[in-house]
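By written order: A, B and C. Residues from 1 in each chain.
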Amino acid sequence: MVIEVKNITKNFGGISALKDVSFSINKGEIFGLIGPNGAGKTTMFNMITNIYEPTSGEIIFQGENITGIKPYKITEKGICRTYQNIRLFSQMSTLHNVMVGGHSQSHSGVFSSVFRTKAQRKEEQLLIERSEELLELVGLLEHKDTIAENLAYGQQRRLEIARALASNPSLLLLDEPAAGMNEKETDSLYDLIKTVQSRGITVLIIEHDMPLVMKLCDRITVLNFGEKLAEGTPEEIQNNEAVIEAYLGKEEDEVDA
Amino acid sequence: MLLEQIINGITLGSIYAIIALGFTLVFGVLGIINMAHGEIFMVGAFVGVTATGILGWPLWLAFIAAIVVTSILGYLLERFTLRPLRGKKGVSHLAPLISTIGVSILLENLSHHIFGAGNKPFNTSFSQISITIGSITIYLVQIVIFIISILLMIGLTIWLSKTKAGKALRATADNLETASILGVDTKKIIILTVVVASAIGGIAGILVGMAFNSVSPQMGLSMGLKGLAIIILGGMGNVKGAMVGGLILGLSETMLVAYGDSGYRDAIAFIMIIVILLLRPQGIFGSKVSQERR
Amino acid sequence: MLGEILNTYYLQIGSFILINIMLAISVYVPLSSGQLSLGSAGFMGVGAYTSALLTIHFDLPIVIGIIAGALAASALGVIVGIPSLRLSGVYLAIATLGLGEVIRVIFVNWDSLTRGSVGLTGIPQLGREILEFARGVGFEPAMIGIKNNQFVFLSIFLVLLVLVIVILWFVVRQQNSRVGRALSSINLDEKAAESMGINITYYKVISFTQGAFFAGLAGALFAHVIGYISPADFSYHRAVEVLIFTVFGGSEVIIGSVFGAFFLTLMPEVLRFVSEFRYIIYGILLVVLMAVRPQGILDANLLKKIKFKRSKGGIR
């Protein structure tokens, strides 16, 4: 088991965004987190990366309780994320974005940077090589010197994934990676996530594109109004009465229409 | 003696509170710290001196003149330094701060050139009227200042909570985008906010001129910094906090001058800024939520 | 021959430009991680007074005084920085502004030590000390055909020039490294930077403290170049002036600080009438810049264009 989310509750003011939600993800799985808007999916990501601290409950990552530790330390421990509304370092080049992602994988400080010690130069070289390799993986190597904000939308989404991968995570959190993508882009995103999985990285994905989710995920948890509604394989979820009622039925109607 | 000091402290505190109100209004609605507010206040004071001293106008006319001039300044400030930055892509949140610093040194040095560097006396027969009860002397000006600050405070609170414009203003303060979707003319509201805040600054200017009997181009800076200290103490964007913060600062300064080392009087505000920021960054009355909004 | 070329007045302006470049960099470095410090004048004052007092009262060599001054300023930077950095940029700006004023008020009021608003005089002068040292090793200015006071001004200028070059080298190298990338990612998106594994508090304190160090260094040098200091030298206006160097020249590229300090220090010297209206011009400049070109005169795009044109010209 890579991560165990235990009885997480989060209250904002008087409103609870998450109520007693638990699930656990096995190593190497692609795990889907779905539910209508406002179901608390992104809040769950913010709990796991500790952008907000949960009101109660705990999160166990690789056997260690990581509830309440600083976000940057969580990244160091091997969890990295992307954002629903892309948050790249917009004025930096594509390559530099990925290199920032590799921050936790390198160690040079002020002294070694200013004096360009041998170790620092070697580390920098290695970081560039690794970053370029990741850019190749997401198909952006030819744009490595482009300023991030000048990339096309789909490219920015892929760059965010590359940046997250640069931190060498065991668990990758993807927040609606297919949002705003056309069919062709979504297909190549599918391939990319499968490749990520084949590298032994566990993936937790929030996504509204149901065909993609059903094709991609090994298991799925459905949230509704902050509560866990169901959990299971894509087939089980598709046949779950409560889920169809609350969410899928509506969604499929919309898709049909 | 002590009672007299307390009265002096309350007078001073009321003035500080009025200045802080101007900061708080603009911050509450726009999320911007208007570094030029102190200088607008100073201009208000100079308008008062010019009107009563040089032109020989009656005091009430001087008040109106100060309000008119500072309102216009407020409009110009919004039009030329704040509006161009709003909604522009890639503008740092520090830009309005820097831009209003520009206005502040511009105004300070303009009045330096026009009026000279020294202190100008603010003599009105009104400021000489005093009441003596036993050993205590209270100037009428002090009472007027206190009453005006209370009236401003109450008026502002009612205006914000009861009137349509006030409600629109609060909606804008909550969320600019939502407010404009709901049909609030945010542009007008923002202009209104800055103009009202500036006019309040102008009123404070005249009051200070009368209370201290002197006006100088540098007074904007020191008063402005004190206003900042108060909104940090009372919580950013908090009307009640501005009043209480002002009184605390006014009283502690007066007490220090009376019983301690007057040289460090101006340091209190800044030490207060630093200590509050360290211990309770949201201010005494600020809530955690407003802190997260930043 | 050298004696005829060397104009002490020009050398002195050159020295002021170099000190101002250091100050501009002291604002630039924290700003590169998104922190606006309005305390540069305060840090400068701490550096100046520390060094001046140590050299006057304990007869310490100037070098030791200057280093102590810069370190005292950076220690203060750490003490104020760590708690303030939890807060957003606007709060930090006000906290540093408050700090600067507290420092100035202390200089004015601690009469027994600082001699109040009159200030300190008789601070050992850098140029004279260098001259004495040179004579000590058997060198006379006359040997290269210059007068003693020419040598004094020249040596100050050269020392400052070397220091500025070292600082620039330091900042540029740091910028093009893991540390620099971390700083600029914090500037661009603090939350995203933190979720990339960057300890933002640590890096903010580093850049803030470096800023305090450079300001303290510049202040200490200023004291030993001029020979007298008073609290008025380290007022809020000085802080704003330094901010304008950086913001005007270009706050996104290091060369912007150099250009801003150079241009705005030279301008009032060349155009006398400008001197009188200096602050009025500064004020208008800030307003117009923020509205029209918030990144300042020089930015990465403009530099690229200049380079491109030059290389094209070279080919022809």
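Keep in mind that, in the parts below, contacts are C-beta pairs under 8 Å (C-beta built on N, C-alpha and C of every residue); 3 or more make two chains touch, one makes a residue touch a chain.
Keep in mind the model is a prediction, meaning the values are calculated, not measured.
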item	value
Nearest-to-centre chain - CA centroid comparison	C
Furthest chain, CA centroid comparison against chain C	A
Selected pair, greater C-beta contact count between B-C and A-C	B-C
Chain A and chain B, separation of their C-alpha mean positions in angstrom	47
Cα-centroid distance, chain A relative to chain C, in whole angstrom	43
Geometric centre distance via CA averages, chain C-chain B, whole Å	33
In the complex with chain B, residue positions of chain C that touch it	34, 36, 80, 83-84, 86-91, 93-95, 97-99, 101-102, 105-106, 108-109, 236-237, 240, 243, 247, 277, 279-280, 282-287, 289-292, 294
Residue numbers on chain A that touch chain C, as the complex places them	49, 51, 70-72, 75-76, 80-81, 83, 87-92, 96, 99-101, 103-104, 106, 108-110, 113-116, 120, 123-124, 127, 163, 167
Complex contacts: residues of chain C adjacent to chain A	170, 173-174, 177-182, 184-185, 188-189, 191-200, 206
Chain B residues within the chain C interface of the complex	33, 80-81, 84-85, 90-99, 101-110, 113, 221, 225, 228-229, 232, 261, 263-264, 266-267, 269-271, 273-274, 277-278, 281, 294
